[in-house]
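To start, the structure under review is shown below, and the notes come after it.
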Amino acid sequence: MNDFSHLDETGKVSMVDVTDKMPTCREALAEGAVFLAPETLAAIQDAALPKGDVLTTAKIAGVMAAKRTAELIPMCHPLNISFVDVRFSLQNDRILISATAKTREATGVEMEALTAVSVAALTIYDMCKSADKTMRISDIRLVRKTGGKSSHKTTYR
Amino acid sequence: MNDFSHLDETGKVSMVDVTDKMPTCREALAEGAVFLAPETLAAIQDAALPKGDVLTTAKIAGVMAAKRTAELIPMCHPLNISFVDVRFSLQNDRILISATAKTREATGVEMEALTAVSVAALTIYDMCKSADKTMRISDIRLVRKTGGKSSHKTTYR
Amino acid sequence: MNDFSHLDETGKVSMVDVTDKMPTCREALAEGAVFLAPETLAAIQDAALPKGDVLTTAKIAGVMAAKRTAELIPMCHPLNISFVDVRFSLQNDRILISATAKTREATGVEMEALTAVSVAALTIYDMCKSADKTMRISDIRLVRKTGGKSSHKTTYR
Amino acid sequence: MNDFSHLDETGKVSMVDVTDKMPTCREALAEGAVFLAPETLAAIQDAALPKGDVLTTAKIAGVMAAKRTAELIPMCHPLNISFVDVRFSLQNDRILISATAKTREATGVEMEALTAVSVAALTIYDMCKSADKTMRISDIRLVRKTGGKSSHKTTYR
Amino acid sequence: MNDFSHLDETGKVSMVDVTDKMPTCREALAEGAVFLAPETLAAIQDAALPKGDVLTTAKIAGVMAAKRTAELIPMCHPLNISFVDVRFSLQNDRILISATAKTREATGVEMEALTAVSVAALTIYDMCKSADKTMRISDIRLVRKTGGKSSHKTTYR
Amino acid sequence: MNDFSHLDETGKVSMVDVTDKMPTCREALAEGAVFLAPETLAAIQDAALPKGDVLTTAKIAGVMAAKRTAELIPMCHPLNISFVDVRFSLQNDRILISATAKTREATGVEMEALTAVSVAALTIYDMCKSADKTMRISDIRLVRKTGGKSSHKTTYR
């Protein structure tokens, strides 16, 4: 026996069987950041510049990607998310991205929240890459997860 | 006029028109890392454990995602990549991921390489998340890009 | 507060949270029309011509698109439709298209029915465009919706 | 022989063989409209309301759908569009939508432009449907097409 | 009335309405085989050769395709599988493929299991086609199906 | 060195780099069969029954799947097919399926033709499975391939 739920007893990759898991209300919060040059951030913050469009585009991309997580991550179960949201916070040297995903199905939505953050970050990268050659996407991680086994709440680090 | 090629003159999000760009051989190299607990890395390195399957699954996920980049990133041009590869290097506290993408079309493949790294990282996260609550995906960035305008080579940072 | 459920309190686009909505039997009926030149319609009605294939192709395209509505419409919730059907009625100057969609999930299927009509119409356009330069897709609208909040029935106009 | 290029000599649905067609620069312009209640339009035009987000979301949805036209329309050839744009014009009783698509491949991009208009219209519908029960999507049609056989320009009605 | 559930009373293709069917635990087992040249099989069995990677890639492809069955098969209902697995058994002249699919929704998962087998077989074909020109995919069929109407078990031939 | 082009020198799965391959006109012909009970075939042949719809649906499914081959088969290169067709021939105990695919790109279209046959077969299975519990999909193989390296023609067995 091992701790890797996606590997069977012989070590082969394998989907977890969730047929007998209870559908409960599940929620996950993930975060990440895109580090940018100060001038890029200033331009995005500048009212004269289309901040809304960069971040709105990134938000929509993150939401749409979250809905297709199971197409991207091989062993993820398909599930119908009941809510996903992506929010941004502009800081000194980075754009913080946080994504919340919810479902009422039998598997957690960590990967959905993490996928929303990742694709929103990639979209910011794409939108700004002609202006900034120093960007870096970092610190993508799960922050909190509720629901599941015992409707418990797990806080990550 | 601004430096954001994906925003038009009124600041609205807009795809770049590449109708008149020359198809040339283009290549991009991106990198990133998944930071894990020492025990998780040890388990992955342990011959008794299915290292191959975790990383093979992540590689396949990265390759397949690279092919669908334009479905995920709103302003990306669809293009047929001629090659994409994802490689891993296990280090003290992280798995380094590098992805190469190539095409002979009229737009660069930076986003394809970055998407391959991101989805490979998410897949490692998914495969190990039952065993490790400390994982973090970081330092996703473009390393090198060749081809395009003047077949020049750009090194990032 | 505003009436736009897909916009949050600051006016940003946002998915509706349906985590706490009850799954009930929901149904929607949408209609639309493709206006064509009389000769095109005559050709389609002519037994010698492959009426079946034009409309069968359009029906299949509409059904398949309905299943993927949440991939196309950014703020639509993914849901598993339990039924979708597309029917056609040939009239003097148009092909009337009607689509019914059903589900037992927590959100309505209006967009699924409207997407089925739209893609069926686009497919008729594609199938006939070499023969008819006058086509126009019009009057796509929701006709009726049942289920949801109070299992009430709403008739549109 | 018939005028329906997507039907073979026995009347069966069939993709056109474009293997021997020349890749040339091709462009298509399509239009359509969403008719709304005056109050909905007023709300969208009101600076206090998030006009940008409704239309930005619709634009992104239209652009992304155009890239996937060949997945939706059964007999459409897959092609890599080099440009697609969706623009809106608010009028008395409607939002006019126009979409331009371009490619350098061997088939026209009419269906890509029409798909962009249709999915942008459906997205406006989705964004406003909680506030307006009278909406109608109409007058989707091809306006102009250039390139192809003789690099000629065809104006539709 | 006819026995073809996907055809309506006039003989037109039509999705089955499962709105009123009970969600129950459903399972299907399908099998198939790829016949190969003895040298190809020997190479795959040879410890020196990357057996794992050929079969791991085929397994992942089968699992991912099963999740998208309703996108491929026009009249299939979308459903969220709770488990899918693909296994291989190397024999004298063939690789036997078996796939199990499970769900707790209102429709059976036969097509999901059959799609997993088919796409795993196509992937083996793709991985070996440079080395073997004699391959043949055969004997894809449903072996067993449980759940549904009366939670009965049907064995196929 | 090995004969498996999709495996690198260390035996890891890897996409073939076709960046430097010449785009030429390439074509592939694949075949396969669905074996059915005599009564099912008789019903499909019976003019009173909707033969057209079963086979038209299967044809459309095969054509649409061929366009998405690179999404299904992990190491397949994305390519824009210039033509794909699926044809059927009803025989004593089976429906023969043949599919032709063409492209002008740098990689062959064998997998596209084989995918078209496989998904058309699965669709026939789905359409007839309520009436026939004995179906079997068999003998899917490549028949002929032209174009590529030396524009040569290879006949398979």
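We just call them A, B, C, D, E and F in the order they show up, numbering each chain from 1.
Simple rule for what comes next: a contact is a pair of C-beta atoms (placed from the backbone, for glycine too) under 8 Å apart; a residue touches a chain by one contact, two chains touch by 3 or more.
Just so we're clear, the structure is a prediction, and the values are computed from it rather than from any experiment.
Each step here moves to a touching chain, and the least such steps from subunit B to subunit C number 2.
Set against the Cα centre of subunit B, the chain with the most distant centre is C. Comparing mean CA positions across the assembly, the chain most remote from subunit D is E.
For this pair, subunit A with subunit E, the centres built from the Cα atoms lie 31 Å apart.
Averaging Cα coordinates per chain places subunit A and subunit F 37 Å apart. Of all residues in subunit B, those that touch two or more other chains are 12-13, 53, 56-57, 60-61, 64, 74-75, 80.
Taken pairwise by the contact criterion, the protein chains fit none of the simple patterns, being neither a path, a ring, a star nor fully connected. Chains touching one another form the pairs A-B, A-C, A-D, A-E, B-D, B-E, B-F, C-D, C-E, C-F, D-F, E-F. Subunit D makes touch with subunit B in their complex at residues 25, 56, 59-60, 63-64, 67-68, 80-85, 102-104. Every residue of subunit F that touches subunit E in the complex is listed here, in rising order: 2-7, 11-13, 32, 43, 48-50, 53-54, 56-57, 60-61, 64-65, 72-76, 110-111, 114-115, 118-119, 121-123, 125-131, 133-142, 154, 156-157.
Taken in their complex, subunit B has these residues touching subunit E: 52-53, 56-57, 60-61, 64.
For subunit D in complex with subunit F, the residues that touch the partner chain are 12-21, 70-71, 74-75, 77-80, 105-106.
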